[in-house]
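Here's a structure for you.
Labels run A, B, C and D following the written order; every chain starts at residue 1.
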Amino acid sequence: MVSRVESSGAMLLRGRNGSARPDKWLSQRYQTIRRMTERLAAPLSPEDCLVQSMPEASPVKWHLAHTSWFFETFVLQPHAPGYKVFHPSFSYLFNSYYNAVGDRVPRPRRGLMSRPGLDEVHAYRSSVDQAMGAYLDAKGDGLPQAVADVIELGINHEQQHQELILTDIKHALAQNPLYPAYRDDLATSANGVEVQAMEWLRVLGRLSWIGHGVPGFAFDNEGPRHQVYLDDFQIGSRLVTCGEFLEFINQGGYDRPELWLSDGWNQSQSQGWKAPLYWEQIEDAWWLRTMTGFRPIDEAEPVCHVSFYEADAFARWSNARLPTEAEWELAVAEQPLEGNFLDTGCLHPRADGPCDGLRQGFGDVWEWTRSPYTPYPGSQPISGALGEYNAKFMCNQMVLRGGSCATPASHIRATYRNFFSPETRWQFAGLRLAKDS
Amino acid sequence: MVSRVESSGAMLLRGRNGSARPDKWLSQRYQTIRRMTERLAAPLSPEDCLVQSMPEASPVKWHLAHTSWFFETFVLQPHAPGYKVFHPSFSYLFNSYYNAVGDRVPRPRRGLMSRPGLDEVHAYRSSVDQAMGAYLDAKGDGLPQAVADVIELGINHEQQHQELILTDIKHALAQNPLYPAYRDDLATSANGVEVQAMEWLRVLGRLSWIGHGVPGFAFDNEGPRHQVYLDDFQIGSRLVTCGEFLEFINQGGYDRPELWLSDGWNQSQSQGWKAPLYWEQIEDAWWLRTMTGFRPIDEAEPVCHVSFYEADAFARWSNARLPTEAEWELAVAEQPLEGNFLDTGCLHPRADGPCDGLRQGFGDVWEWTRSPYTPYPGSQPISGALGEYNAKFMCNQMVLRGGSCATPASHIRATYRNFFSPETRWQFAGLRLAKDS
Amino acid sequence: MVSRVESSGAMLLRGRNGSARPDKWLSQRYQTIRRMTERLAAPLSPEDCLVQSMPEASPVKWHLAHTSWFFETFVLQPHAPGYKVFHPSFSYLFNSYYNAVGDRVPRPRRGLMSRPGLDEVHAYRSSVDQAMGAYLDAKGDGLPQAVADVIELGINHEQQHQELILTDIKHALAQNPLYPAYRDDLATSANGVEVQAMEWLRVLGRLSWIGHGVPGFAFDNEGPRHQVYLDDFQIGSRLVTCGEFLEFINQGGYDRPELWLSDGWNQSQSQGWKAPLYWEQIEDAWWLRTMTGFRPIDEAEPVCHVSFYEADAFARWSNARLPTEAEWELAVAEQPLEGNFLDTGCLHPRADGPCDGLRQGFGDVWEWTRSPYTPYPGSQPISGALGEYNAKFMCNQMVLRGGSCATPASHIRATYRNFFSPETRWQFAGLRLAKDS
Amino acid sequence: MVSRVESSGAMLLRGRNGSARPDKWLSQRYQTIRRMTERLAAPLSPEDCLVQSMPEASPVKWHLAHTSWFFETFVLQPHAPGYKVFHPSFSYLFNSYYNAVGDRVPRPRRGLMSRPGLDEVHAYRSSVDQAMGAYLDAKGDGLPQAVADVIELGINHEQQHQELILTDIKHALAQNPLYPAYRDDLATSANGVEVQAMEWLRVLGRLSWIGHGVPGFAFDNEGPRHQVYLDDFQIGSRLVTCGEFLEFINQGGYDRPELWLSDGWNQSQSQGWKAPLYWEQIEDAWWLRTMTGFRPIDEAEPVCHVSFYEADAFARWSNARLPTEAEWELAVAEQPLEGNFLDTGCLHPRADGPCDGLRQGFGDVWEWTRSPYTPYPGSQPISGALGEYNAKFMCNQMVLRGGSCATPASHIRATYRNFFSPETRWQFAGLRLAKDS
């Protein structure tokens, strides 16, 4: 179990709040995060790094380059005197969606870019890192706060792409009939614990504050901190397990339209969904593709790789519902920021053992909420290109909370709002139940 | 201006609350609504009534039949002793989306059903009406409350289809290069008033109650009445006008991605949107298809037939935003339920003259809110087939409020929640601005 | 059995070759054909006449108008002094594919045109007929040959649309769950005969002449008459029957890729073909939608409504092949021009009884050949808009020969080349086998 | 200019006809062809070899593996005693379209297979080559003729994939905004010659023999040799040049529907064609992507990368037509089998200088004919899986003749029939004009 207090995230807070030189802290954190990205790509061949298995996913090589492009475009070009771009076409190749920055390769065509090769992309990374190092050294503690903020945003942006590297390569390798593993040497997710019955934890409704309101980095979509009124509710003590989801399958959950949202039913029927993504039925047993290869499901593990529609249908079948994001945030408010994150190195959700109170609030799987992704009251997007970061996606998306086994521990917060469209299945997403009191 | 107090809606309240025999009231109301539906179809030829101009729309004939199917399926078959269905295939032909009731003609194929002919559908209506009349007479004041509730739901359901008849036929006729009008003899929407500058009305935030909580009919999605916390906000005194929207167009509103939600920008680009639906530029002037034919736009009129995406982009361009549905409900709480509804007979939004306070809250155009359509806290869908009425659409839809010039006056309430997907343009939908205080 | 010698087609030849006044003959023939078109539409309601069941088909009303548009555009407007068009928009509405004539309603949207109504289209027809009559009267025997040729083309064009009216309305009504019939009072296709074993007729190969080369009307694609060299071949004495095709189905014909062309296999799999169009399996029996309604298949009847792909696969399964169009033309060269055409009034293929030699060469079903539709050596398209009639479709189409039960008897010839894309199934098309000697 | 007499193709004929041991000849030829394939892939990175730029193209790595799979499946597995497959899944991964051999990775997903990596595919090639060598050595001159025939087919099959490797990688690299070249060191295609006026060569029509009828390898679609009757015709002395095609563009050729087949016009409009594939207009000049990079067009070069539709429209604009395949074969009958093939090493068509008679009949560009791809009279497909080689594609394809600058010299013959669907543009295809006499 990795506690966020012990992780580099803590440095962030110390750096920003404490007495040490913040510029040194930022520089060190930059290096740490950049190296981590490369470690994630290390087990992969140049060919693996090129595959784009669907328009929603990106090649690993693209992630490696795009995260560098971010620093080049938003830090080095505007702020580092005399900086020369590494390659004049990379702005076109590795822009993601920032309309304000100019044209870009259409997303579904990223997998066609065999050039620049992986080597050249690594050279690009090095070059950007060197220039960033030189820039930060030169500025020292004279680094303007506005630039420091952009760098911190870039670091957090890169962490988001770390998770995407893992989800995208999992999906890419899953297309391969050879059942390749991402790595063979990962920590096992099996921990031998016996799953405990879920308990309903009662939370008293009240006028509550949610959203980010303390010092330290947060994305613009997490604020401003504001009041919401909540009625009493109950929330599940742990995540829904594979065993419970299997029961839903066995009782015809995928064949009963009355359990589904209308859009979800249409999606499920047109895609032929019969189980979560990566599940495969072989004779009477259910198997699973994981980052370490193909193996039988473990009923004690949290169910993962379900869409919002499946999570919602499961909840209805359970005579329950998903929590709202405000309920979720209130419920975990007192929880320590620890869990099965990327840093545990098993890259798979794990069963949880006996314990009092709310469990698995952070890590393992992102938890679908019933809340559409909308702006908080009083929020204002950042102006300029970085204003495109979050706000423009606030439509047709659902909020997920809590981070997953592919999220860096130092990246997550109780106020963190992840979001995906409701049919999304390739993220490490599962669910926790809630109901009215 | 039609006041709801003077309309049949008032009868509904009197019926349910007052001393007169409620069964008589219900029977009379049933007849009134059914006749209105037929009046709306009367100007149309059998061929007009068959056209389905897109999968989202339905032929008028289908609306005529489906609303009858509702009473046959949910009242006559289960409750009227000895009732024989008019035609054994009509359940298949005229079911809309109720999975619980069985199979149905796929929605995009409704326009292929030349049989039954319009005459036979009118015969179907008569037959159902006769059976309903006989049933209500036979029951008298012994009508079970549960059945009365279903009938009242059917009446309100039919009123919803009255509006759809108008929006769908408007769209169907608009596909025709001959520019046919729905009717030539409608009341003019031009009222000669000069549009007044919009004022910002300030509303004090507080913990407020919203949702339906008084006697009388409401849809299940309007309750339960519950508390929400709102910050202070400001809301526009009137609807956004065509003239204001034209300014948005002229200043490049449709070409500036930074004004748009990401999904909205993609939609707008792929569809080639350059103006609201039904606008057409001829040389330098903008013309408009209306229910009475083709004519130049009137800048004083409320803008209509915009999608949520366009409304949202316009608001951003205005340095404002759309109201949430709770803000809207709070803002109109004290307004009289009157406005330019279907009952005024002009079937087009109208300019508003000088007046203090909030104007055009009801009627003219549905107002897009920034609120996704979600269940209210504590809500429970009705069980059985009628439970499919509202709840299963609570995803990827935005709430609209206030009714339009095609909404029956007796159908609307301050708590009424309409909903459509954000790209929808063929409904009579416009917008009102809001902003933080 | 209708002999072409007794039909109006004979008049055509007499008119052109004989001593009577050809202008009178043309005028009379014009009237006869126009009335026939209206007779075909007579059993249909205005709603039936509007349905367009797929982009490849057209509404009956469109056929009624388009055939009139042909005479208005190519005869009246250029040649009749002072002619005023019936309606200025009809050129746009009822142009089919003539790019040279201007824009047109996109084909898949023809079914949306509820206006002009069927009544107005009939008025359009009358008006054109009146103007044509007046024009022909005024010209008398001074009618320029070039105009007479266009009128004769228009008459033949209208006959093609007569067949399309029948195939398109059959398809439209077949979408309807009520199983409506086109007419209830058609001549029965059942003739009680017992189907005879097919015999292989041997034809000696030689350098032969094919194509149109005698006086009388023919389409430009039928000439010039030219030599082709053919090896010896054998051809089936009669059409393939439903019983034989059922055997193909029962022996897994639709599930064996080795029997199919690659494109055919992909089409068949993606469309889920399991039998000819309009066949439906109910328990163990096969039923069929016909112009008179739904009934069991008759094994003795020629199989109909198969695509080229199915015909080709059936032939391969039979250790045979389809004939080339030259082989077909050589084989029927000595046959009388008689058969089960539109004029017999049963609108369905019929079983054939015992008889020597080649049977069913004309009528019943169009016969798929293995010949792609290509220009004959030395052919030159007509210049101007009418040059778009045939030549521009000479790609990705296969030739069919012999006419069907929906073809007017006076319309067909041994040299007549019909053509459709190989996946087409809604035409009355079947097959006859051939093989090498 | 490479003469086929000097190339390895000559060995084929000597081997089969001469006195030397044919088994040695076959073994040597096998090695030669296999090495050539690897030489073609040598300039490419592993990432380049993975890209699949459209469903019709395949990754180079797939070509490398699939050609080995052919020998493994059709030679080693059935005939080499004790042969063990290299990898049990490769049959699934690298089968192309042989339904008889079993399932396969869907074609559009070939580009997702990052595993096996390029190294492993090269190991696969080596392993198959070793086993083939051992098998051929062991058999010596006891090699059964049936097996020798399959090996020879496999060699020719591999040569076809050599051309596809070049066309597919050209297309893949052309998607890249960096304009990468396949190689920088290719022989220049510029030869400084001045293009000569095209002359019309007259060919006397007669009853002629076409198709393969001499000893030596040919594909099954080239026979049997048979008679066709041809009228007199004229044929262009050389290929159509870029300069001539530019004139077609400048005179509005892409905007005049009357020049196009109907399918061609629709395709051209929907794809926005304005010039041949790989042409790009920069200000007033036309540039071209070639295997050596981006450069201005050379008006003297043969036009290349046009579809059949464009070739056909150009011919119509020229008051000419394309030749039939029989005309083409008759016209080149006396020509030596030499030209600008793969073996010249410039991988681009070249301008031709002054010379009498028909020029450029072989090499430079495949020449579109007006002949749909159909079976020759009397042809019988090979039975078994190899019977799927050619016959099942005989629908919706047009024949091309003569080979291109990417065709191995030893692979082509006067009777060789290449075929592609009429919209195909990524092959090295151009045209020669013909007309009636």
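Methods note: a residue touches a chain if its C-beta (ideal position, glycine included) is under 8 Å from a C-beta of that chain, and two chains touch if they have at least 3 such contacts.
As the structure is a computational prediction, the values presented were derived from the model and not from experiment.
Enquirer: Which contact partners do subunit A and subunit B have in common?
Expert: Shared contacts of subunit A and subunit B: no chain.
Enquirer: Report the inter-chain centroid distance for subunit C and subunit D in whole angstrom, where each centroid is the mean of the CA atoms.
Expert: Distance between chain centres: 39 Å.
Enquirer: Taking each chain's centre as its mean C-alpha position, how far apart are subunit B and subunit C in Å?
Expert: Spacing between the chain centres: roughly 48 Å.
Enquirer: Using the average of all C-alpha atoms in each chain as its centre, how far is it in Å between subunit A and subunit C?
Expert: Those two chain centres are 61 Å apart.
Enquirer: Please list all residues of subunit D that touch 2 or more other chains.
Expert: In subunit D, no residue touches two or more other chains.
Enquirer: Applying that definition of touch, give me each pair of chains that meets it.
Expert: Every touching chain pair, ordered by label, is A-B, A-D, B-C, C-D.
Enquirer: Any idea which subunit B residues touch subunit A in the complex?
Expert: 97, 99-100, 207, 226-231, 257-258, 260-265, 308-309, 312, 370-372, 374-375, 377-378, 387-388, 392-396, 422, 436
Enquirer: Touching residues of subunit C toward subunit B in the complex: what are they?
Expert: For this pair, the touching residues of subunit C are 45-51, 53, 61, 89, 92-93, 105, 109, 111-118, 172-173, 175-178, 180.
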